[in-house]
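Each of the next two complexes has subunit A plus one more chain, namely subunit B in the first and subunit C in the second.
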Partner chain A sequence: MLKILKATWWKFLSIPLLIYIVAFGLLQPIAPGISSIHQDKITIGEVNFISIETYNTHLEEAASSSQAWLKNGETFICGVFTEIKNNTAIIGFPIARKDYEKRFFDLIINNDIDGTFELRDALVPAENFGNNSFSDVDCKVEVNTNESAFFTFPNREILKESIRNLFFHVCMWFAMVFLLIFSLGSSVAYLNTGKKPWDTMAHLAVVTAMVFGALGILTGMVWAKFTWGAFWPNDPKLNGVLVAMLAYLAYLILRGSAKDESKKGRLAAVYNIFAFVLYIIFIYVIPKFSSSLHPGMGGNPAFSEYDLDSSLRIVFYPAVIAWTLLAFWLFSILLRIELINEDLEDQLI
Partner chain B sequence: MISQMFSFLWKEFLVEWRNKSVLGAILLYAFSTVYIIYSFQNFKKLSAEELYSSWNILFWLVILFITVNAISKSFNHEGSGRYLYYYTIANPTAFILAKILYGILSVLLLSLITLFLFILFFGFPFQQFYIFLLAMFFGGGGLAIIFVLISAIASKVENNFVLVSIMGFPLILPFMAFTMQLSELSFAWFDTGLTKNVIILALFDVLLVVLSVILFPFIWRN
Partner chain C sequence: MNILSILTVLLLEASNTSSVGAESWMYGGEKFYVVFVVILIIFFGIFTFLILLERKLSKIEHQIKER
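After this line comes the complex of A and B, so read on.
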């Protein structure tokens, strides 16, 4: 075990991986989308001019191929671009008087560079009706391509640019969980064999895990503020994580307050195993039984279901590996410092 | 082993009985805590929903502190020489099982007394009383099991009273969440999710006992 920890190849592997995920993960644009729409009501029986702002699009470059529709159930209403400037546009929609299947209209835009993008439930009919009567024209829906010409990350409602936090927040928690599993294994090995290095490893793995846990909480708080509106919404998953961290801090205090070396290791190992079993219950079982905002919990879809085009995966998997390797690198440095200190103490005695 | 366990259990009763001041202190503790709540919170002002939720929260809070006080002494009240003696003659599984059993019994007794005091001071709000008793049995029992192992760890270290709290409080949280979910049902007319909750709590209890039995020998060795 010590031999693998002292080896250098995996440490150097983590450096290019981290550079890759930071550079690629932060710089790569997200997919085109409609960021805002200047009204939410439309009048049925009139030509409605709707002014929109888009994000990461090439409306002006691809003006010749731009098309827009309003979609309601199976009905499509073709729009005409009256003005396009940079990433803003004004589109006119003649909306015929008839009964529509659904209450909300989706706005869909397509051009040759950006592909197809939409804003779901964008518009709702106003109370009053217009006097113009259009015959219900059969609107053609033909596009050259649905795909964006560039590689992009998904542009999700609410998440927007914060989707990149997936490569930091989630992966740091992964690294923490791997370290805690490693610590659990070391504790079991210590109870079985009674060899001192196992105890030191269990202790330092928890210390490193707490560093990554704190980073995971901070990145998670940024994300929570952006998507849920508060740094710390009262949520079972979040509270479970905080309490689990308190349990591990108690582990560190317990280890610090025992005087006798072998007793210290044994008591700490027992508490570590006890805490880990309850920790698993905290994080993975409880939120499944209670309502939680967190993805993957309480009936919410996990990220794997959002990520339809798999573009996140090519950064996410390397990111998990990179953060885990970095965590173990940090751990191995702490371990070597500790082992050298112990050697020095032995020499002094 | 079973007979050993029962003789340890009997011994615990004897020790408790001969040292009546400890028992009296805990009872007084329960009474004064409930009385403080009574004098601070005017329950008559609350609407029905507020009454139920504060009833539930305050009751379990009181039980939690009583449990900490009642259990945390369980490895301290005999001298360390006595434990060395037990170590040489007894089976650790029998010893920890006796401690757990005694802890569960004492917490159940204390929570029954607290329940009586609560009903006396704050009225009887239950629609389905048996659910509350179930929650007390599985929830209070689980609290006792967790704190027995925690106090066994803490008894080996100095300043152990603080340690019992800081090690125990994070660990009891999932347990309390389920217990309170279950006991909330006792204020309602329906019992959806009752069996699921009871099964989860019972599994929790079994898991805790198994963990304690596996881990205790390592704490015991000196």
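After this line comes the complex of A and C, so read on.
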């Protein structure tokens, strides 16, 4: 094991991977989207002119192929572009007086360059009604949607550009979990063989994992503030990880407090196994059965369900590998320094 | 894409945040700055770890020299 940790090839592998994920992860544009809409009320029975601002789109270039429509359940209302300037547009929608299936209208735009993009639940009917009577033409037949001509990351509401944090914040936790699994393995090996380097390995893997856990929490807090609105929303996953990290902190304190060398090692190893089980329960099991803001928990749509699409995957998987390799690199340096330290102390005795 | 322009705007906006409040600029650029700050935090974290290694190593160097 020590031989692999001292080998250099996997450490150098992390360098191109990190360059790749930082460059690709930051420079690749996110999909076209509607960033703001200047009103949220529409009047039924009138022609409504809606002014929108879009992001990463080519509205003006693709003006000739632009289509817009409002969608309410199965009903489509076709719009007419009255003005297009750069990435903003004004669209007129004749909205017939009739009963609509749903309360909210989705706004959908399509053109040849950007493909189809939408703003869900964009508009809501006002209290008053207009007097114009339109024939209720369902223009669904004319609707033609197409894919974007560009390769992009998904543009999700609220997340927007911060979806790129998937390659940074989420990977901190993956690096932490892999280090903790390594630590668990070392503890089991120590219990089997009783060789001291295994104990040192388990201990320092936990120390490194705590550093990455702290980074995961800090980066998560910043991300949460600007997407969920608070640095520490009352979320089972956040509280769970805090408890789990305190359990590991207890491991570090426990290991430091025992005096007798072999007793200390065995006690720490057994507690490490216990702490790992606790960690898994608090991070994966409990949030799964309660409602959490995090994706993939408690019925919340997971990234993996529809949004961890191929464009995110080709950066996300290398990112997990890259950050994990970097974490193990840092850990191996820490370990080797500590092993030299222990050698020195042994020589003193 | 306009990442480069976002970065220049970042520098400009960082210099005059006083009127809008210190946090609100993070919402700009379609929340791109959030990623920027997250990367900064990770950088600081890794450098903190390096300083920790540095200190441990100096201590050992000192011990070896003493003997």
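Keep in mind that, in the parts below, the second predicted complex is superposed on the first by the 335 of 349 C-alpha atoms of A that agree within 3 Å, B and C clash if a C-alpha of one lies under 4 Å from a C-alpha of the other, contacts with A are read in each partner's own complex, and residues count from 1 in each chain.
Assume contacts are C-beta pairs under 8 Å (C-beta built on N, C-alpha and C of every residue); 3 or more make two chains touch, one makes a residue touch a chain.
No experiment lies behind these values; they were computed from the predicted model shown.
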Next on the checklist: On the A-aligned overlay, A:4 touches which partner chain: subunit B = first, subunit C = second, or both, or neither?
Outcome noted: neither
Checklist entry - Who does A:278 touch here: subunit B (first), subunit C (second), both, or neither? => result first
Next on the checklist: Looking at A:338, would you say it contacts subunit B, subunit C, both, or neither? Reply first, second, both or neither.
Outcome noted: second
Next on the checklist: Output check: A:258 vs subunit B and subunit C. Expected answer is one of first, second, both, neither. What do you get?
Outcome noted: first
Checklist entry - Is A:218 in contact with subunit B, with subunit C, with both, or with neither (first, second, both, neither)? => result second
Checklist entry - Thinking of the overlay built on chain A, is A:230 touched by subunit B (first), by subunit C (second), by both, or by neither? => result neither
Next on the checklist: On the A-aligned overlay, A:63 touches which partner chain: subunit B = first, subunit C = second, or both, or neither?
Outcome noted: neither
Checklist entry - What residues of subunit A sit close enough to touch subunit B in their complex? => result 191, 236, 239-240, 243-244, 246-247, 249-251, 253-254, 257-259, 263, 266-267, 269-271, 273-275, 277-278, 281-282, 285-286, 289-290
Checklist entry - Any idea which subunit C residues touch subunit A in the complex? => result 1, 3, 23, 26-27, 29-32, 34-35, 37-39, 41-42, 45-46, 48-50, 52-53, 56-57, 59-60, 63-64
Item to check | subunit B residues within the subunit A interface of the complex | outcome: 149, 153-154, 156-159, 163, 166-167, 169-171, 173-174, 177, 200, 204, 207, 211, 215, 218-219, 221-222
Next on the checklist: Give the list of subunit A residues in touch with subunit C in this complex.
Outcome noted: 22, 26-30, 35, 55-56, 159-162, 164-165, 168-169, 172, 208, 211-212, 214-215, 218-219, 222-223, 225-227, 326, 330, 333-334, 337-338, 340-341, 344
